[in-house]
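Below, chain A partners chain B and then partners chain C, in two separate complexes.
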Partner chain A sequence: MARYKGINQLSGLDRIVVALMIVVPTVLVVWLVWLPAISSVLLSFTNWNGIGPIGQAKWMGLKNYHDVVTIYPPFWPAVRHNLIWLAVTFLVSTPLGMFLAVLLDKEMRASRVYQTAFYLPVVLSLALVGFIWQLLYSRDQGLINGLTGSKIDWYGDPKYNLWAALVAACWRHTGYIMLLYLAGLKGVDVSLREAARVDGASEKQTFFKIVFPVLAPINIIVLVVSVIEALRAFDLVWVINKGRNGLELIATLVTQNIVGEASRIGFGSALATFMLLISSVFIAIYLRIVMKEQR
Partner chain B sequence: MPRPATFEEYLASLVPPSVRGLDRRTLLTGGIGLGALTLAGCGDGGGSSSTTSASSASGSASGGSSTAATGTVTLGSNQSDAVPKAAIQSVMDAFQKANSGLTVKINTVDHNTFQENINNYLQGSPDDVFTWFAGYRMRFFASQGLAGDISDVWTGVQGLNDALKKSSTGDDGKQYFMPSTYYPWAIFYRKSLWKDKGYEIPKTLDDLKALGAKMKADGLDPIAFGDKDGWPAMGTFDQINLRVNGYDFHVNLMAGKEDWAGDKVKKVFETWRDILPLHQADSLGRTWQEAAQSLQQKKSGMYLLGMFVAQQFEKGAEQDDLDFFTFPEIDSAIGADAIEAPIDGYMMAANPKNEAGAKALLGFAGSAQAQGLAVASDPSVIATNSGVDTAGYTALQKKAVEFVASAKSIAQFMDRDTRPDFASTVMIPAIQDFIKNPADIDNLVKNIQAQKVSIFGS
Partner chain C sequence: MTESVQPQTSAAQVLKVSKTATGSGQASRPIQVFLAVMALIWFFPVFYAILNSFRDYNYTSQHGYVSLGGFTLNNYKNAWEQANFSHTFMNSVKITVPAVLLTLFLSCCVAFVVARFSFRFNLALLGLFTAANLLPPQALLIPVYRMFRRIPLPEFLSSSGTMLNSHLGLILVNVAFQTGFCSFVLSNYMKTIPRELYESAVVDGAGVLRQFFTLTLPLCRPPLAALATLEVTWIYNEFFWATVLLQQGDKFPVTSSLNNLRGQFFTDNNLVAAGSVLVALPTLVIFFALQKQFVSGLTLGATKG
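Then we have the complex of A and B:
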């Protein structure tokens, strides 16, 4: 086959196809991703109230940002809660999911049943998960208080509600992680394990020294998924109490300010920009790892 | 501004200065007392805007008996609770009966969702007519051009006094709102329980504290309390503020003209902190409905809420067992004659698809007939139209009429009297913080003040 010599070699039709394949996704990305993102950043410098032409909005400079970090009390708790969320999804869900995946990978009896059982919550929306757990958590009618006789208001008390929500979120997230690792484990070359066994490696050594390094790409996917889940965490706390009173998250603050009756579009956009910056950090880390691998 | 002596005066005081100036001018140019006040808004409106007079000629809706209007009128309703929903339905059924050419399509949206999405709703494709409240937000929509001028409907409506008209008036002097019903905020209790236990209505804050202690000893939660949704506790703040600092301060505070970090607001929170232990615990995880049920089940002694608390009580004997009293006096110099009684009603979209039909509907909604039906279906509200026969009122409704009439000044409610962005993004978290941690009032009010300055821009 002749070597590809550049665009001149392509027929007219091919060129049109190539052009379309580049232009259409670019337009979509610019229109759906970049335009909203940039306008959101621009809006964050104004005091637009969401009504009437944007031209009427006043340029506020960095005032919104200044207000967010100085006089908006829910902001720092929200950042803290997002970080806790990230830590828990990463430190609890991920090892648990990996552990379940390793167990299920052992081809034990009825492993399909377990697999389905653990994966089932992933199919449910987080909003629905919130409702399901309400049945367990409810102060007066819930299963937990019914069994233990405690009077703790799991969703209402700010001392507990973040953790209660995290348990519910992990319940769902673990299944997802499990499936990712399970797929990864199935892909591990059997000969590697055999070679390890021949060399006299123990079960533990085989896993940590052989299998786990092979799973590196999965680990990155899991890392990214966890970060995305932590930043996206929204529906669950929104159905619980609209992200107030101990369940503040950056995403709920953005919604409260922009979507609600308040309509502080400028202020809310400043919050959204903070979210954009935080996610950019993780995206940069992710891209760095991926790029390094490709080299 | 002197404290208004009557409800009418209060409503009049809600009118923005621009309109008041207009009234004075009309009076000066040979007006004849109150009659001139009524005409002032429309007289000027007709003269200055030709568009409204044109549409008023085509769709002049006098009490719903318009002949020109046909087709479908859509109504966006936030009355999603079962009782008020049925009330709206019965009013619309009667409207369709009276106007054979018109059908009403009701789109009911969850109350909180409706309120939160109102900006997008009004800028998208809103229903011809939608439910809303009197107050700051109504005037705001009007001045932003998001609501339709219904001054011509007002010329045909009977039984709504001048003061109500003023509370329906936007900043430009035209009417944008058709009042339907209203209800007072007070402390509710079950007569049977109080009779059993020998409780007496507290006249002062000390009485209330003593009563609370007694109820606690009897194993009751003295004051039912639920603030999961964030707004019910605003009522408690308002009541204490009206008793500690009075009506004028409330109005100015809500308008952003007072210092939130000052001693006056601190005093409100301090007073609240004193009686907070009397409130039901874990309130931030409880809805008002659940709190109301604890009153209904006689687990709580009393409940500070709007009269809509009655919706959680069965019609008939159970509602008859419900009674209320005003929040007790705290400062004898301020007294206890200021109350809150928010007005609910209807507005028209800026560009309704069926304007003639919408106006006919609004005219009907303001009529005594419609309001009579509304209050019959929902005995937790009272009618604004003076033509409604109060003979059919329940004991609770009769008492509410008396209560409102005897009040010296009437406020709406925190989230209706102030900017919605301030109410929802500052006050809801602030009050919830206070309930969580009542110890640190100084920092709380300082923070509210800082945010107030940022939002009000002053």
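Then we have the complex of A and C:
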């Protein structure tokens, strides 16, 4: 290693360049992501109404949190909807995506064409997905009602709209999950699989004994991705009805409390902190896996 | 959301996906049929949107949607005018192009320093950046919104006079969110560049900047091409920040302006379909062009090693 010793020694100018290369992006990220994240947490303990100077805001302790869980009607429905969102996208998209990936991993003529079809919705924005499915769901002009003759307003009726939105969300999510597993399957040792076949293992045995263990770390990544996606779910319901009437989600509640007519900063921040708390747990898990691979 | 949560390895994974199958043998007939049916189902909503974007509203309202006929191009003409697409597409370009360029440039800087110099804190640094990429944007809305409202901007940067309602603010937020993911992918790639190359560059008297621009960046063309396509798609698709940070309709990018096609009491779905197809078109073009680019990037990487 002695030979390489010299190349990390920098001249004065180079030192400034290196410092700038790292400081400029860091400042940007700290300013627009970390500082706001910390501010959200701090604001959640105050009663700042967003109008007066921030210095006059009073420290309220946990009052905002107490109010959120006790006297804010949409909160618990929103939590329930977020949990349903997570459960459905995870429990439907994961097995389906994995199944499709395993099938697509076989030799066949049109594999690329199929992959394209499943991956296609992923390049569309969730907002656009909402508009595209409106064509199927609309009460008077939608294809579903046109075929079945029903009069259900799929996006409007609080009995159905969450599920309608979830079908659209899964449509997009599954292709993405499939892609993750498809990439993971490339890591499966081909010779090991050959050996299993020679030994007379059934396809099912081969999958559970050889393929699945390789996919295990991806399962955790998929779980984390699903949790974070479920927490962030916003675009789709916002284009449907701005997250009201059966489509309340925590993300839309935060937004309504800030951008809407009545801005309740402390209150909205308590909701935001709630989101930050859950997401940081899963981000930590995620970083642990990724960083381990790094080393 | 930001568009979607981006797993750190996805660019590399997308590259790998286009490789030939490693799987267990030939697919049997039932599997082929099953996949074909599933693929058709998956493609159907997009197909249906395209189909109805070409149909006359009066025809479909009279005959119902389970019919065929009444083809017209008028929906596109009307959607283009009603959603002011010529203007909003320009807005999307004004937001996406600078945001992607800036994201890639800053990510290259971070990745270069992390990969080239073994700083002890480089993992922590990457953690700082990638975690930022995964935080729910809604949770950061309040401070960002309030901050932007307070920051004055000169007239030529923002007609609103503040960072709020300006394209600059939106661009910076997008860059801040996307830099983590790109730095991570790029630093992984840059770590594979042999130290000997830098060694000889240093012997030749190249400073850090020259190493960066003439050695590292040209070698990073394949991941940069892949990341550029992904980032263009994601930032173009970005909806949340665009909706809340730009409140004036004339600044909206295309996705946010789709709402103009929905009337308060009545919505012509064929018009919405045409608008959706128009908005999807750039990403679809990129998507199909991008697959080829990935394959070429793959062979480039293969021959280089």
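We take it that the second predicted complex is superposed on the first by the 245 of 295 C-alpha atoms of A that agree within 3 Å, B and C clash if a C-alpha of one lies under 4 Å from a C-alpha of the other, contacts with A are read in each partner's own complex, and residues count from 1 in each chain.
Assume a contact is a pair of C-beta atoms (placed from the backbone, for glycine too) under 8 Å apart; a residue touches a chain by one contact, two chains touch by 3 or more.
Given the structure is predicted, the values throughout are model-derived calculations rather than measurements.
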item	value
Touched partner set for A:Leu124, first chain B, second chain C, both or neither	second
Most chain A residues touched (candidates chain B, chain C)	C
Which of chain B and chain C A:Asn241 touches, first, second, both or neither	first
Partner chain in contact with A:Val290 - chain B first, chain C second, else both or neither	second
Which superposed partner A:Gln256 touches (first chain B, second chain C, both, neither)	first
Which superposed partner A:Glu203 touches (first chain B, second chain C, both, neither)	second
Which of chain B and chain C A:Leu32 touches, first, second, both or neither	second
A:Ala169 touches, of chain B and chain C: first, second, both or neither?	neither
Which superposed partner A:Gly50 touches (first chain B, second chain C, both, neither)	both
Which of chain B and chain C A:Ala183 touches, first, second, both or neither	second
Touching both chain C and chain B, counted on chain A across the two superposed complexes	50, 259
Chain A-touching residues of chain B, taken from the complex the two chains share	115-120, 123, 137, 144-146, 228-230, 282, 284-286, 290, 420-421, 424-425, 428-430, 432-433, 436, 447, 450-451, 454-455
Residue ranges of chain A touching chain B (in the complex, touch as defined)	49-52, 63, 67, 70-74, 139-140, 153, 155-158, 161, 241-242, 244-245, 256-257, 259-264, 267
Partner chain A, residues of chain C touching it in the complex	1-5, 7-10, 12-14, 16-27, 31-32, 34-36, 38-40, 42-43, 45-46, 48-49, 52, 60-61, 64-66, 106-107, 109-110, 112-113, 117-118, 123, 125-132, 134-147, 172-173, 175-177, 179-180, 183-184, 188, 195, 198-199, 202, 207-209, 212, 233, 236-240, 243-244, 255-256, 258-259, 267, 269, 272-273, 275-276, 279-280, 283-284, 286-287, 291
Chain A to chain C touching residues, read off their complex	3-4, 6-8, 10-11, 13-14, 17-18, 21-22, 24-26, 28-29, 31-37, 39-40, 43, 50, 100, 102-108, 110-118, 120-128, 131-136, 138, 141-143, 146-147, 171, 175-176, 179-180, 182-183, 185-186, 188, 190, 193, 197, 203, 206, 221, 225, 228-229, 231-232, 234-235, 238-239, 250-251, 254-255, 258-259, 265, 268-269, 272-273, 275-276, 279-280, 283, 286-287, 290-291, 294
